[in-house]
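Below are two complexes that have chain A in common, paired first with chain B and then with chain C.
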Partner chain A sequence: MRDGLLDPRAVLLHESAADRDAAIRRCGQALVDVGAVAPSYVEAMLERERTISTYVGEGVAIPHGTAASKEDVERDAICVVRFPGGVDWDGEPVTLCVGIAAAGDGHVPLLAALADILLDPDRARTLREATEVSQVIKELS
Partner chain B sequence: MAQRTVVVASASGLHARPAKLFVQAAVKVGVPVTIRAGEKSVPAKSMLGVLSLGAVHGTEVTLEADGPGADEALDTLAALLSRDLDAEEALDG
Partner chain C sequence: MAIDSKDIHKIIVACDAGMGSSVMLASTLKKQLKGTGVTVEHTPVNSIPEDADVVVCHTGLAARAKAAAPGKPLVSFQIFLGDPAVTKLVNTIKNGGTVDA
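Right, the complex of A and B next:
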């Protein structure tokens, strides 16, 4: 994984959200808070989700903005936000969101690494049940 | 074994929305198709599998399938990969 994509401050492990949109807003805010995106990017993330679900399986969704919102991206970054109570994602239970801010394709190797982890049931469980920021950083490095 | 080798045309590569559209199409063709990039080969209908390929714009991928309907299935999927699915966002969004 490329250095600097995942700021430890963008790893939030004990969040809760009433619904899918609230979860996406939480992810978007995490990306805003580390200076990766402008606040308007959050609306673009919601818009993208309405167009096509970012649920990828294994209880994980990867919300991100539309192609048109790339100008709201200051730098490529991801956030990892865990919802231990689960979020109803159009009928699928989601406990982990990996929010993505990408102007180029610097995040693609990271997504590939994430997918590899999720394809391994043991590592997927470790990530979904992580309680320490260091565990998440270690799994994704 | 029928094969098609195509270059990923979507500006953002084969992840996120283009990957989703590809996987949905792979489910719909009703024939088991594998997609390979480099050494790695995964079922085309697995979102996580497809994401794990890490295919960006310009990556060459090979589609493979066997049996009745294999050629039609591969033609459909190869055609999809040859289009810039990001550029079509405004049309079906």
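Right, the complex of A and C next:
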């Protein structure tokens, strides 16, 4: 994996959120905190979600911004935020969010790895239930 | 629009930002179509290239994709991974037949 794409400080495994928007804000804040995006990117993530859900299956959503919000991206980065209590994502229960900030293609290999994991229910469960940061980074590398 | 599977050389997965789900689906499709000679790329919905033979996108983007790439066969899906419409497209390309979409 490219250095700096998934900062260990952007892997948060014991979060809770009252609803979908709160979960997206938490993901956005994680990306802001590692210096990947400007704060305005978080609003673009909410806007994008209202257009089409980023739920991808297996209890996982991948919130990200709009095409226009690429201007707010400082560098390609990913955050992984786990909500053990679950979040109602338009009727789907989500326990893991993979938040994306990308102006280029630096994050593509990580998303390809994520797609492979989600097509394998056993690996998807391992990722959803991970409690160690190092374990998450290993799974997605 | 209908196209014979042997005339399919390039599939475009279109997304709003070309940043998230389309990337995942494109990488999965690429793997499934390995060895068939079909290339798979992902682009924002407003920049679908002229040489795309089939466009794949979420149902929520289908109207925009149709307007952006008129006259191209369009396969729309609702589930990002494992949608029956996408599985059907892969099987048609592998086994031969017509993509009517």
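Here is the rule we use: the second predicted complex is superposed on the first by the 141 of 141 C-alpha atoms of A that agree within 3 Å, B and C clash if a C-alpha of one lies under 4 Å from a C-alpha of the other, contacts with A are read in each partner's own complex, and residues count from 1 in each chain.
To be clear about the criterion, a residue touches a chain if its C-beta (ideal position, glycine included) is under 8 Å from a C-beta of that chain, and two chains touch if they have at least 3 such contacts.
Just so you know, these numbers come straight off a predicted model, no measurement behind them.
Engineer: Please determine, from the superposition on chain A, whether chain B and chain C clash or fit.
Structural biologist: Overlaying the two complexes on chain A (C-alpha atoms) leaves chain C and chain B clashing.
Engineer: Kindly classify A:66 by the partners it touches after superposition: chain B alone (first), chain C alone (second), both, or neither?
Structural biologist: After superposing on A, A:66 lies in contact with both chain B and chain C.
Engineer: Considering only the touch criterion stated at the top, classify A:118 as touching first (chain B), second (chain C), both, or neither.
Structural biologist: After superposition on chain A, A:118 lies in contact with both partners, chain B and chain C.
Engineer: Can you list the residues of chain A that touch chain B in one structure and chain C in the other?
Structural biologist: After superposing on chain A, chain A residues 48, 51-52, 54, 56-58, 62, 64, 66-67, 100, 102, 108, 111-112, 114-116, 118-119 contact both chain B and chain C.
Engineer: List the residues on chain A that touch chain B in their complex, please.
Structural biologist: My answer: residues 48, 51-54, 56-58, 62, 64, 66-68, 100, 102, 105, 108-109, 111-112, 114-116, 118-119.
Engineer: Write out the stretch or stretches of chain A touching chain C in their complex.
Structural biologist: 48, 51-52, 54-58, 62-67, 69-70, 100, 102, 107-108, 111-112, 114-116, 118-119
Engineer: Within their complex, state which residues of chain C touch chain A.
Structural biologist: Listed in rising order, the residues are 16-21, 23-25, 27-28, 44, 46, 58, 60-61, 79-82.
Engineer: Applying the document's contact rule, which stretches of chain B touch chain A when the two form their complex?
Structural biologist: 11-13, 15-17, 20-21, 46-57, 86, 89, 93
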